[in-house]
Structures are given as structure tokens and as C-alpha cells.
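Take a look at the structures below.
Both of the next two complexes hold subunit A, though its partner changes from subunit B to subunit C.
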Partner chain A sequence: MKPTFSGSLLLFAAIALLLQGCSSPEDKSSSIRVRWSHDPETLNVLQPPSQPAFDAANLIYTSLLHSNFSTEKLEPALAEDYPTTQYIGDSLTRLSYHIRSVATWDDGRPVLATDVDFTLKLMFCPGLPNETAQLEFDFIRALIPDPNDPRHFTLECRGQSLEYPQSSGEFFIVPEAAVDPKGLLRRFTLAELQRLPPNAPADSALVRVARQYQAFAPGALPGCGPYQLSAWEKDRYLTFRRKEKWWGSKIQPTPFVLQARPSQLDFVIIPDASTASLALQRGDLDVFPQVPAREFARLQNSSAARAKLAFYSVPSYDVVTAGFNTRRPALADALTRKALGRCFDTAGLIKATQLGAGQQTVGIISPLDRANYNDSLAPLPFDLTAAAAMLRQAGWRRESTADDAGLVRTKAQGELQRLRLVVRYRAEESTFATAALQFQAAAASIGVAVSLLPTEAGSFAATLKSGDFDMYVRTLKGNPFMFNYVPLYHSRALGQSNVTGFSTPASDRLIDAITRARTPKRKSQLLRRFQTMLQTEAPIIPLFFLPTRVAANRNLTGLHVNSLKPGFAITTVERSAVPSPTTTP
Partner chain B sequence: MTRTFGSWPRKLAVGWLTLVVLTALLASVLPLPYSPGVPDLLNASEPPFTSGSHWLGTDPQGRDVLSLLVFGARTAVLLTLPAALFSAIVGGVLGGAAGFCGNRARVAFPYWLLAVGVMWWALQLPLPMLGVAVAALGAGLAAAAQLRENTLAAWPVPINALVMGAATTLDTIPRLVLVVAIAAGTGLSTTGLLALFTLTTWPHAARLVRAQMLRVRTLPFIEAARAAGVTEYRIWLQHAMPHALQPLRTAFPLSVAGLLGLESTLSFLGIGLPPNVASWGRLMATVRVAPDAWWSFIFPSIMLILSIISLSSLSKKQ
Partner chain C sequence: MAWSLLWRFSRTLLAVWALASVVFLLSHHDTDTAAQFALSDSSEFVGSGSSSDSAKYQAAQSAVLHRLGLDLPLFYVGRITFSPSGASQWQWHGFANQYHRWLTGVLKGDLGTSFRTGQTVSARLLQALAYTLPLTGTAAMLSVLAALGLAQRLAAGPWWQRPVRTLLVSLHALPLFVVALLLLLLFANPEVFAWFPTYGLDQPTTLTASPWARTATYVLHMVLPITALILTALPDLTLQLTASLTHELGSDYAATARAKGLSGSAVIRHHALRNALLPTLTQIAELLPALVAGALVVEVVFALPGMGRLLAEAAASRDYPVLVGGVLLTGAARLLALLLADLLYLWADPRIRWQP
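On to the complex of A and B.
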């Protein structure tokens, strides 16, 4: 039984492997470790599909304008200043930008107007995941370069809008030299690409550019942002390292939006909130954003946690909504949808899931935005008697006299419709699960059969896009500066990001008018009308706005917890020797 | 009574299991103050034995824990008992056939056609109606041969190798991994979960019955039956199988206990049953959302532990 050399070697190798497998991202002291509940699906810079994907892209790439988390406004990032605006007649806008002279790509090349032009063209290049970007930026019809200054350019926009100066600068810039070194996209104008019919035969140059773009491994596409992805262990962590020569630090004083204080950022994937909470208390995590209400309250009540952690809670622009698949014949009429909307006990849900901290709403504009929130409307009441009456008015009747009989109605063609609904929501989200469960119980009491289908986070968006649902419960993310509802409710977004399938000529006109509003007063009027229309047509039922809850190590400074996603400023966080005071609003 | 149920622990086990089964069967008529599917949002995560009307408290979604325990018992009983029964039947028949016939059985050509055709159709291979046609041809040939009393050409069927091969294949993958992979990948209804449990638990019963059958088939009364001219099928069914199935009497409670644990594990992991079906495992899982709500973990755990211990004690020899 004497241990052999090879046996000892094997044991040593096994222990080494085990230790390697159990290790977190190295160098805990210098890095800031943030909890993510899941990996980003992709690092597609043209259209980040989720919040983690957007946050990751935000570190690697930069846009002309960037959200300042301390002021909650868009501020110049890659651009030297806000664009100068020139209105041409009453149907054109010209926005002139100048890119900062110190801005460079990872390889030291300068960021130029040609890169911005290339990025805009890439948004309309067929064969790429860029549908939402197309809907958001199709108002830009051309980029006019300045022949005397390669960093200066003018964006020519269709129509005139109060939002253009901001929305025209909020997209990540992609390097032309890395993706299209031969300049294949230069053969096309932006307008030509925008006019390409969906079923046009594939142009070989466009196919090649699309292939070259997609050939980059996640995070490998060079960026002009402050960080580079240095490691990605799926389901474990992503590590970002600050560039040694970050151009933003050459500007003194460095603007807030270009600050990159942590030398390393680790995003640790911990799906379970309780586990994340334990890791935070143990010191294995520094920041836990979006803490569930009960966990947040539990930590706040623990004296041990209070000694180590700081707590922040502010209102957010994220609204929990229920949505209908209006393409389903049973849900095609607004009366049925409005009746079902009355089955949500919003006040009860706020108490049960947010411990009373959410804010009931009439629409998808936050009540914090007093100028645009339509306070003349009342939130949908939880009223099952009214719901049953409205369903009868919509033609629904019990199939038989039995108590548990479902609802049916006969359409004009003699077709029998049944009101049976499948509600999808993201699995592991207890707020959505509670809302769906409450809706199921309430709907059952008026004869509507509801099945619940929790769906894995990675496939939830694709399932909604494919229309494989009757109802969903999810969060819509918003911000205080832009109100472009084209991707959500316009007919141009049908089959893409308009998952409810709702659109009417009137709603399209209203959405277009909002995007083209030229004065705050006009925009406010239109937004109020839009909220009224959404409540009348009820393709979605906005339930309540969530608060942002962040728990963080008390030694951190510069968190700037705010109402925008992800809820704090990742790039200004620093570890200090002196603990920060606990914040418990 | 003492002879029927044995010692005190055994009596307690029988009493507890009877209570669980009765609770399960009478769940819908019991005078419970709350329905398990209706959340009381104003009293979510309410502790037990407080002034409120939820005696055992509520879970983080506001559902009454007592109702969830009662209806969870119904889920446990109505899922695990049939699954254990079906797996015992499937395992018993396959194991009995494997042990009795070995690899010597011969099946006439038309029956081969019938089996291949049915399999073709059941697996929905390309042109499934071709499978139906093949099966019909086989059935027709078999019927014709019966009428004419013809002797048909027969091919050997290695029943023992097939059954043991299938059982070994299933055993090579840990059961939990297999069930999780199928249930999480496809999403299952209660019936689907029942079928999945049966599919993954029959090998144990098959091995027990086969081992017993290998002993039984050599006993003198089997030889005597053959000498008396009884057909092989009748010997297998009427003489050998009743003896070969004896080990299942002991294994059955253990099989139920295993399935009870498996169902709770799946529900704890959030896979398997739909979210609105009450389950002890799912109730236990809510502790992940609210770690302070000990009652939503402790009460179903007690139910589960008592049930599994009781089932284990039933399988012990007195």
C-alpha cells in the first residue's frame, strides 16, 4: 500500500485541477466584482440583447454621447461636444459632430468620421442582428464628412425632432479598419442600404462584410472604450481589464462619462439571489445590483450585514408589464384585453413583491417624469366583477353551466373561440412568477383558464419574438431622455421587436409624431395621448415601476446609484480605505 | 393486527402513510381555509402560528402553506404511486421474460413484421404509414397461418440481452441527470412526468425479477408443468411469474420512496411539474427567495422525511 510516485502525481494533479475549477477571477483586491444573474447572450455591439450585454459593450465600445449616471443626462463621450443643430426647411435636420482628437482604437488608430459612417451602414447591412438598431436610427439618412477634417462630420436626418441631437449620438462605434479593411461598404450610400428590400438578392460585398463582422469572437472586435474583455468563463465570470493607455485619461479633467477608475472589473455569474447575497456578505462580491426586495430588507435588518455593506434604493425607469399577443384571435379585441387587465391586483403585487416600494402607473412613462406622465388617467383597477362584465360584452360566455366551464365565443364565421391563455415569464424571477400566479387565480375565478410557462432567460426573448405565447410578464426598461416607441409598437417592428403584434395606422402616426416632436410641450401632449391610446387599446398592461436596489461593500466609493440601468456607475467605482456611510433611504 | 403490521415503528409507518394517502385523496373536499393556487398578496411570507388565519404561514408568493402541504401530498401520491406501479409492471414483465426465455426465444416471421411496423409508426420514422402497412401485413400473415395451422419460419429473439442491455444503458446515466435533461429540455405535464419516471425506474424491478426467475425456472414444478404438456407461455404466466414477482413486494415501497425524493428534487430545482401544481419540493425551493421563511422549508421537509422513512421501514424484513 506504499504510495507510488505516479499515484502522488495523479493526486496532486487532481487537487490542482479542483482548486483551479473552484477559483474565482484572480486578484480580488484590485478588481471590482459585480454580480450578474446570467451571462450576456452575445456581445453584439450593434444590438445588445440584454442588460449584461449592453453593460459589457459599454465598457469595450464608446458612443458619441453617453449617459452620465450622476446627472442622468446624455453627455459628450467620443464627441467633443453636443452636436450643433441646423434645421433645413421643415423636413431636414443637420447635426454636426466633432470626434475628440485623442480618441483612438485599441491599435492606436484614430477614431474617424469614416468609422461612424461605417457603423451606420453596418446597421443596415443584411445578414446581421441589427433589426432594432435599424428601427431606432433610420431617421439618419446620410453622413456628410468634412473634407478638411476627418474627425468632423454632419448627420443629415429626416424630419425634425427635439430628440435627434441626443438619439443621433447614442450608438456604439465600430472600427471600419478591423471589420472592412477593403472598404467594401464604401461602395454603398447609407440611403441605398436603407432602401434595400428585405428579400433583395444578397450582394456579395455585403455578405462578406457581414461574415467578417460575425467572425469576431465575443469581445475580440477592437473597441475605443476604456476596457478590454480579458476572460469569459461561461456561467462563471467575465473579466474586463482597463487599457494601459486609455485615451480618455489624457483629457484633464476627465469627463465623468470617460472615467475608468477600476483597473479590473469582474462580473461574477450568480443566478441565485440568496447565493449572491452570501457572496456579498463573505466579501467575494463588491456590488449586488437589483437586489430582490425581501433579500434587501433581510440584509438591511442584519447588523452583521449593515457593518459591511451600504444600501441604496432609488426609483427606476423599469416598469413591470403584462403583454398580450394581439395576433391571437381571442386577444385581437381591446375589450377582452382590457377585461383581462382588470385581473391584475397591482397594489397587492407591489406589497407582496416589492414590500410596498414600487409605484403604480397608468402607462410606460414613469410618474417621476411629471411633464410627460398622463396623470389624468387612472391606473386599471383590480375589479373582477367589471372584468367578467366586459368579457360578456366582448361575446364570451361559459361553455356549460358547470362552475369550472371555460369561456367561449362564436365569431361571425361560426368559428368557436376559447379563452385559454398561456402566460410566459422568465424563470427564476419571483416578481413575475407572483404576478402570473395572481393573474391565474383571478382569471380562473371568472372562467378564464390560464397556464403558466416559466421560460429560461436565454430563450425568453426569442420565444416572444417568435410569437409563441398568449401573454407575458416582463420588465420594460426606460430612460428620462428618449421616447422612441417605434421598436415596441410600430408596424415597422412587427415580427421583430414589436412582440405584441399591436399596431394601427393611428398608433403608427402617433408614434411617428412623438419621434418628430419639436418642442417639449408638443412632445408632452403627444406622449400623454400615447398613454391614453395604450390604455384604450391595451396591448400591454403596465403594472408598476420597480425601485433600483443596490447593496455594495462599504469600502466602495463612486457608485453613483441612479435610476438608469444598471443602477450605478460601473466605471467610477473605487475601493477606498475609509468605509462609506450607509445609505438607507 | 400485530401480525399484519408488525412492530410499533411499522405500525406508525403504516399509520403515517395511510394519513398521507387519505389526505391526498380527500384534498379537494377537506375544509381548508385557502386554495393552494390563490395567493394572499397582503400576507406573503407570513410566519406560522401567528394571529393570522394562515395556520402554517404563507410562502413568499402568499400561498397558504397548509394547503400547499395537503395538495402537495396529493401530487406526491398521485404521481409516485402510479409511477412505481407502472415501473414494477414494466420491469416485472421484461425481467420475467428475460429470465425465463433467456436468449432462446424464437418469434415467427409475421410477428417480426408486426413488431417492426408498430415500432416504425410509434417512432414516427419517415413515412409512418409505411410502418402501419408493414404491421398490417404481419398481422395478416399471422392470422392466415393460424387459420391454416401452418408452421412458420421463426427467428431467434435475444430477449435477455435486449432487456439487460436496455437496463444497463439506462443505468449508465445517473437517473437524476437523465430525468433533469429530459424534463428541462422538453418541459413536461404531469402525465409526461409519470411516463418519464416509469421509463427511468423499471430497470431495478427488471433485474430483481429476472434474478428470481433464473432460480424459479429450474424448480421441479416448472419441469413437471412442461412434462404435463402445458405451453411455455402458460408456464411463464401462471406458474413462474407469481413466484418471480415476490421480490417486488419488498422493493415497491423503496421504489415509491425513491420517486418521492426524485419528484421533490425536480420540483426544488424548478423543473418538471407546472409552477401552479402544489409540490413539497417546490415549496421547499421558496426558501431560496426568502431564506428567513423557515416554515416554507421545514414543514414540507418533515412531510418528506416522515414519508420516506415510513416507506423504508415497510420494506424491511420483520
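On to the complex of A and C.
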């Protein structure tokens, strides 16, 4: 077959295109490219719906306090210092803040107390996606401005807690002049907005403010953070450029939380980890946070990847746990739950799912938190003999007559109970599937019948909430700043976030005492007691803390890989001529 | 003929409406989960600062439902249960219901607003289609052309037909994600051949490049995804068409044509191909809904935006307006594809007549 003229032309064009594409001028040095697995969807500053959305908002907007990724503490950002705390009686707290005098909005206007007041009111303005913010910040009941200093104000909070100084400063501030130039929200007090019923007739002023807020294109609402959104291609990438006159750089030395070293940040959306891994090896990507265990190990074992990349692995605050539905009669007693807890081979699971990188724990407080972690307790052992003995002690015996012989026990009223368990977990998570399978095999060996029910992520939360499970395996997301266990284990949260259904008067008192503790020492004592109580009552079995794995270009410095989300400090990363060490522990 | 066509078109419209209505009503039964997605899940956070008061959570949930318009009754009629007696009875809700609001919106061209992003559904679908159509359209066109060319040669019975058929059957057995990953690991891997880019349509840094360089970059980025789609569609089309052509070549009219001195390829082109196309037309028409629905696997593997990812993410996060809008679009495409197949049958074989 002779090649035709048109065929040759087509071939030539294809080669020319290929060469042109290969030699396209890609300036890889000016920006830092970070992988995100999914698009942030919205940059709603009042309620960022996901971690990428929060990270993006963190670049454009600033909060009073901000996480310092090198010390893993909340530090003053927009605020000049930590707030001063004043307890009023036994039911009120006043926190006084002062905003940095150099802090300005994009248009050069100063950031004032009125902006903070406006932001708090906007959180309670009907018709806006702000419901989570309402739940988080409903403890602030008023902002008292200082008539002599427009940058000074006091937040009046309901109740008293050691955590208020931190949690009161963790929201992004919105410019009043941009959203509400006529000051419509000033007609309302914060308390009035907080008291509005959900279905109250719409006030025209509130509707107008809500419309004005929503009229801003994503990222177009002026911020007082170091970056501006310069491009957002949905499901493809977001580009942020550092402001030419970033007020944070006027403070010398610039605090860590106000540093903005990269001139441009590109967040590229790559859903598949294998694709992201290839892009990282090719140099099309600079930072790959939250690398899955096997992909991380594969990269570490590749000599070509080792030459180009640095690998970091540190413990995170996310803990894999198994939980019981304590409302089920068969799981109502602690002895049965503790026996079943001994069927988890945690060390084996860490090896199988995290390739040995996880951290065993006695409770849901991270071992990294040395002040509060109860190191006098031992992690629950994998001991099937002890588990069988404890089940016998709890009254369970083998039913030999039935075809599918399992464990049964007779309660005082003559009612026969069977120990057959349904374990739910999120279908797409291999760590949970492995844990559930290991538990199933171990439990079967002592006569406990276990069936597994992988559940779609959206339905999973709903089924836990409705109590349609016997056991679950899931991750609990933690942080080192908050110790409010009311949502997880208090009777006030039954039917909502307390999905295990566990609560006793004693546990309620202990959880309340933790939230009210006035000194760190007292809090630490109570938290240690709380961990002991959780291990004794065993409504959940904490298995292990997951690691945070980051793989990055070796020429990057200032990553500060840490245990907080997203796992590294985005704004301090820099490209350097000297490669960084290959791996950190 | 015109009446017949009109009748079929009306039936198609009716079917699309019924399909979208069923999806709307079924999906909107699960409004609580949609509301939960809008609120952070406190049961997932250790030491959450969120209010744990059940009453406040309920109020927040009501506010979400109100904001999303999910606090209205679902349909014109519904069963109301009276507590504490537990008795229930049917009740007329009037026109202030979710379905009526959605239907009147659709008739005015408004498909609603995304729960997640606040963008209009039409804008989201159009944005995704703008990425999807060039990908799936090019792949479908090249697949059909390649299948036509390859099947004609295979039907002529060359010496290489057996290995090529074996190759096509083997390829047919491979799932799309395997093909896509293989291509990626072979041709975008620095440890094998780094000939093509790994992800996306271009890079943020190429935005300032010349139009020619940007086009070249775009084409380069599309090579592997399109190849993956072609490789999965090609075997089915080719094998079916080859079998059909082989059957036609054994018929009397083909023997007569050969006896008259026509070459093998001329017999195929001028006589057998049109008759052999009949079963393949259905397959080609089936490609139309896929053009609109996108190719989720390819979009995920090559990090491309598009309809597949949009709809999968909308389903996972209970973004019902986007989901129903997507179903409406793909459903309409499928039904139109069936209509198109009928028309193509008529063109390919004039003996076929529609029965009204």
C-alpha cells in the first residue's frame, strides 16, 4: 500500500503538533502546583463546605486567629494578640480583641471591629448558606465595640470554656463596606438575628443583604488575606496570585501565620491518585498531599522518584474507630462490647492498611497531645481467648441446636438474645473494609456471626443517625484545639450526632465538666478520666491514628509538613536551588 | 410520514417528561440526606466546637430545607400521618409543591439551582457539555470511521484477519478503566514513555501561550483520553459490522456482482455495506447518549472536567437539581437516539415502513 499525499500531510501535521506541544513554554518555576482530589465547589467564606474550600478561603480571607503549621497552635493573625479573657459570674465570658493596625482590605480600607460585627451578623442572616456557622458560633451573643478605638472590641459569650479564646477567633472576616455599604444589618443586634425562627417572614433588609452577598462571584468578595483568586476553571484548577501590597509583610519579622512566600499558587484538580503520582514524577505537580499508603510506598521504592521527590510522613489527628450501637440489647452491656473490641488486630491492621505507619491509641485523643493523652492506659489487646472468656462472662453461650450455630444468652425475663452483628462502613474506603473483614474473621473464630454491609457515603451518615447498624468502622476527624465531646457522647446529642447512643449520668457530668474546666491542668485531669471511662464503657473502640503523607518536589523548602489539615503550610513553600532532604520521619 | 414522525417525537417528549418526573420524585424523597450534606456532620469530628443541642440542630436543618426549597410538599397530593393516633389520609397540597415549582421552571427553561454551588443547573450542564462533547464526539466519530474502514478490510478476508480479530476480541474484554490506566502508564509515564501529558486539558501556565501552542497543548492532552474511548468502542462496532458484511457477501446479490466482474472491495462498498449497516446503526445511535452523559472513567483517570464527573458527584452529594437536570438531558439524548436509529433504518433500507 502506497502512502497517499494526504496521509503524509496528516502525519507531518501530527508530528509538528506533537513537537509544538512538547516545547510549549511552561513556566514551571513561578508557581507552586498542589494537587487537590476534588474541586472546592464554592468559596462561601461563611461556611467552607470542604477542606479545599477552606484552604482556598484561607488564602483570600483572614481570621482573627490562624493555625501555625510549624508549632501546631492557633496564633494571632488579624488580631494583634490572643484575646484577654474575663469571666462574668459563672455563665458569661468576655474576650477582648484588638485588630492589627496595618490590616487592610483590598481597597486599602482598614479592617475594623464593625467588619467583625458584620460577619457575625451575616452568619445569622436568613437565606444564606450559613447554618453550620450558626451552630459553631452561637456561643457568641454580642460584640461590644470600643467607642475610643474602632479596632478594639469585646466578644460576649454564653457560658465559660477554656476553648472560647481559640474558637472565638476562627472565622473569616467579611468586609461590611463591600457587602452592606448602607449598613442595613446595623439595624439588628446579633441576639435578634440569633433568635429569628427558621421560617420567619423575610425582612426586606435581610433579603437585600443576602442578595448582595450572593451576587459576588466566587472569590470576588474582597478579602484581607494575602492572595487573590486570579483563575478558577471548574474541576480543573484554581490560581491564586499574591497581592502586590500584602499588609502582612509590613510587620517585621512577619509572623509565620501571615507569611505569603509563593507569588502564585496553582491548585490542580486530579481525582485519581495514580495520575497525580505520575504528574508529580514528571514535574507537572509540586506537592501531593494525603498520598494513599500504597502509592506512597511505590514512589518511595522507585529510584527515579527518590531522585526527584522528598517524602514526609507524620501522624495526623484522624483516628480510625469501631463503634457499637449501644441501643441494641445484645450490645447494651460494656462487657460484651469490650470482648468484641479484643477481636480487632490493630497492629496487623496498621501493617496491612498503612504499611506500618499508623499509631495505636488508647482513646480518641492523639498520643501527640502529651498533656492530655492518658498514657497510663494500655491499648486494647488482640486476644481472642480473653474475648471468648469475657463473652461467656457476659452470659453468651454457643447454641448447638441451630443450623447456623452462634452465640445466645437468656435475659432475666426469659428473652433469648442472639449475638449476630451487622458492620457498616463506607464502601469506597479500603482501610475500613480491611478492618471489617479482619474483625469478621476473628469474631467468627469465637462463634460470633458478623455480616458486612459496605454503605454508600451519603447513606452511611444517615443510617448511623437513624441507628440502623450494630457496629460501624469509620474515621473520626480530630484537632488539637477542641475538646468538646458533647456532640459525640452526651445525652443532649442523642438522636443527632451521638450515633452510638451511649450516655450515662456520670459520662454526661464528666463531659460537661470538661467543657467548663477553667485551667489546663484541671482539663487534663478530666480528659484522662474521660479516656479511662471510654475504655471501660467501650461505646467505641479507637483503633489507630492515621498518618499524613506528603510527597513533594525535592526543590521545595518551607513545607512544614504537620498533623493539621491540609498536612503542610501552603503559604510558606518556596522553590529552592538546593534540594531538600529526601525523607523526614 | 410527517404524521408518523410527529407522533414518534411526541411520544419521545412524553417519555422524557415521565423519566425526569420519576427521577425527581424518587430523589426528592431523600431530602434529609441533602440537608445533612449542607450541614457539617458533628458525629464525624472529635472535639467539635459545633453546638450539640438537638433543638438547635433541628432548627439549622429546617433552615437548610427552607433555603433549598425542600420544606414544601413534594407533590400535589400526599399522605399525611396524624400523630399520636398514627392514622393517615391523602391530602391535596395545591400548587405550592416542589414538583410543580420544578416543572414550571423546566417549561420556562429554568432547571433550578445547584444545592452545592448555588450556580444555575443549566450553566453547570452547559459548562460540562462544553468539555464533554469535543471528547466524546471526536472519539465517537473516529471510532465509527475506523470501524467502517477496518470492517471493510476484514470482510475482504485478508491473511491478517485472524490475528486482528483476536486482538479486537481481547480488547473488547478489557474494561475502560484498564485501557485508560494502561495508556496512562505506558505513554505518560517518565519511567516508560513520557510522550503525552498526564492530566487535564492544559496547564494554568499555558494560558499566556500563543493560540497555536495552546491548541497543540489541548490536542496533546486529548490524545490519550480519546484513544482510550476509541479502543473500547472500536472492537464492538468492527466485529459486528464485519460479521454483518460477511453475511451479506455470502448472499446471491453479492455473488452476482462478483460474477459481473466487480472487485471484492467494490462489491462491499457499492452493494453489501448499506445492507450490513442495519444492525450497526443501532450501535451508532447508542453512542449519542454517551456523548452527552460523558465518560466518567476517562474523566477521572485523565483528570478531565465533564458531564460524567458532574453527574457522579451530584449523585454522591445529593445535589438533586443537577442530577435531575443531567438525567433529563441524557434521557432526552437516549430517546432521540432511538428516534434517529429509526430514521437511519429508513434510509438504509427503504423496504422498512413505519407503522403509526
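A few notes on this one:
Going forward, the second predicted complex is superposed on the first by the 342 of 585 C-alpha atoms of A that agree within 3 Å, B and C clash if a C-alpha of one lies under 4 Å from a C-alpha of the other, contacts with A are read in each partner's own complex, and residues count from 1 in each chain.
Just so it is clear, a contact is a pair of C-beta atoms (placed from the backbone, for glycine too) under 8 Å apart; a residue touches a chain by one contact, two chains touch by 3 or more.
On a predicted model such as this, the values are computed, not experimentally measured, just so you know.
By the touch criterion defined above, A:Thr532 reaches neither subunit B nor subunit C. Once chain A of one complex is fitted onto chain A of the other, the partner contacts of A:Thr434 are limited to subunit B, with no touch recorded for subunit C. Legend: residue contacts after superposition of the two complexes on their common chain; A:Gln212 is shown touching neither subunit B nor subunit C. In the superposition on chain A, contact of A:Asp272 is made with both subunit B and subunit C.
The partner of subunit A that touches more of its residues, comparing subunit B with subunit C, is C. Once the two complexes are overlaid on the shared chain, A:Ser167 sits against subunit C while remaining clear of subunit B.
Once the two complexes are overlaid on the shared chain, A:Glu41 sits against subunit C while remaining clear of subunit B. Touching of subunit A by both subunit B and subunit C, each in its own complex, is seen for residues 272, 274.
Residue ranges of subunit A in contact with subunit C, taken from their complex: 17-18, 20-22, 24-28, 30-31, 33, 38, 41-42, 44, 49, 126-129, 131-132, 134-136, 138-139, 163, 167, 170, 197-199, 214, 231, 233-237, 239, 266, 268-272, 274-276, 278-279, 281-282, 284, 302, 304, 317, 319, 364-365, 456-459, 461-462, 464-465, 474-479, 481-488, 490, 492-499.
Those residues of subunit A whose C-beta lies close enough to touch subunit B in the complex are 272-274, 292, 294-295, 298, 345, 348-349, 351-353, 427-428, 430, 433-434, 436-438, 440-441, 444, 451-454. Put simply, subunit B touches subunit A in their complex at residues 35, 37-39, 41-42, 44-45, 60-63, 187, 270, 274-276, 288-292. Contact residues of subunit C toward subunit A in the complex are 32-33, 36-54, 56-57, 59-64, 66-67, 71, 116-118, 127, 181, 184-185, 188-191, 194-195, 197-201, 203-207, 209, 212-214, 216-217, 219-220, 300-303, 305-306, 309-310, 313, 316-318.
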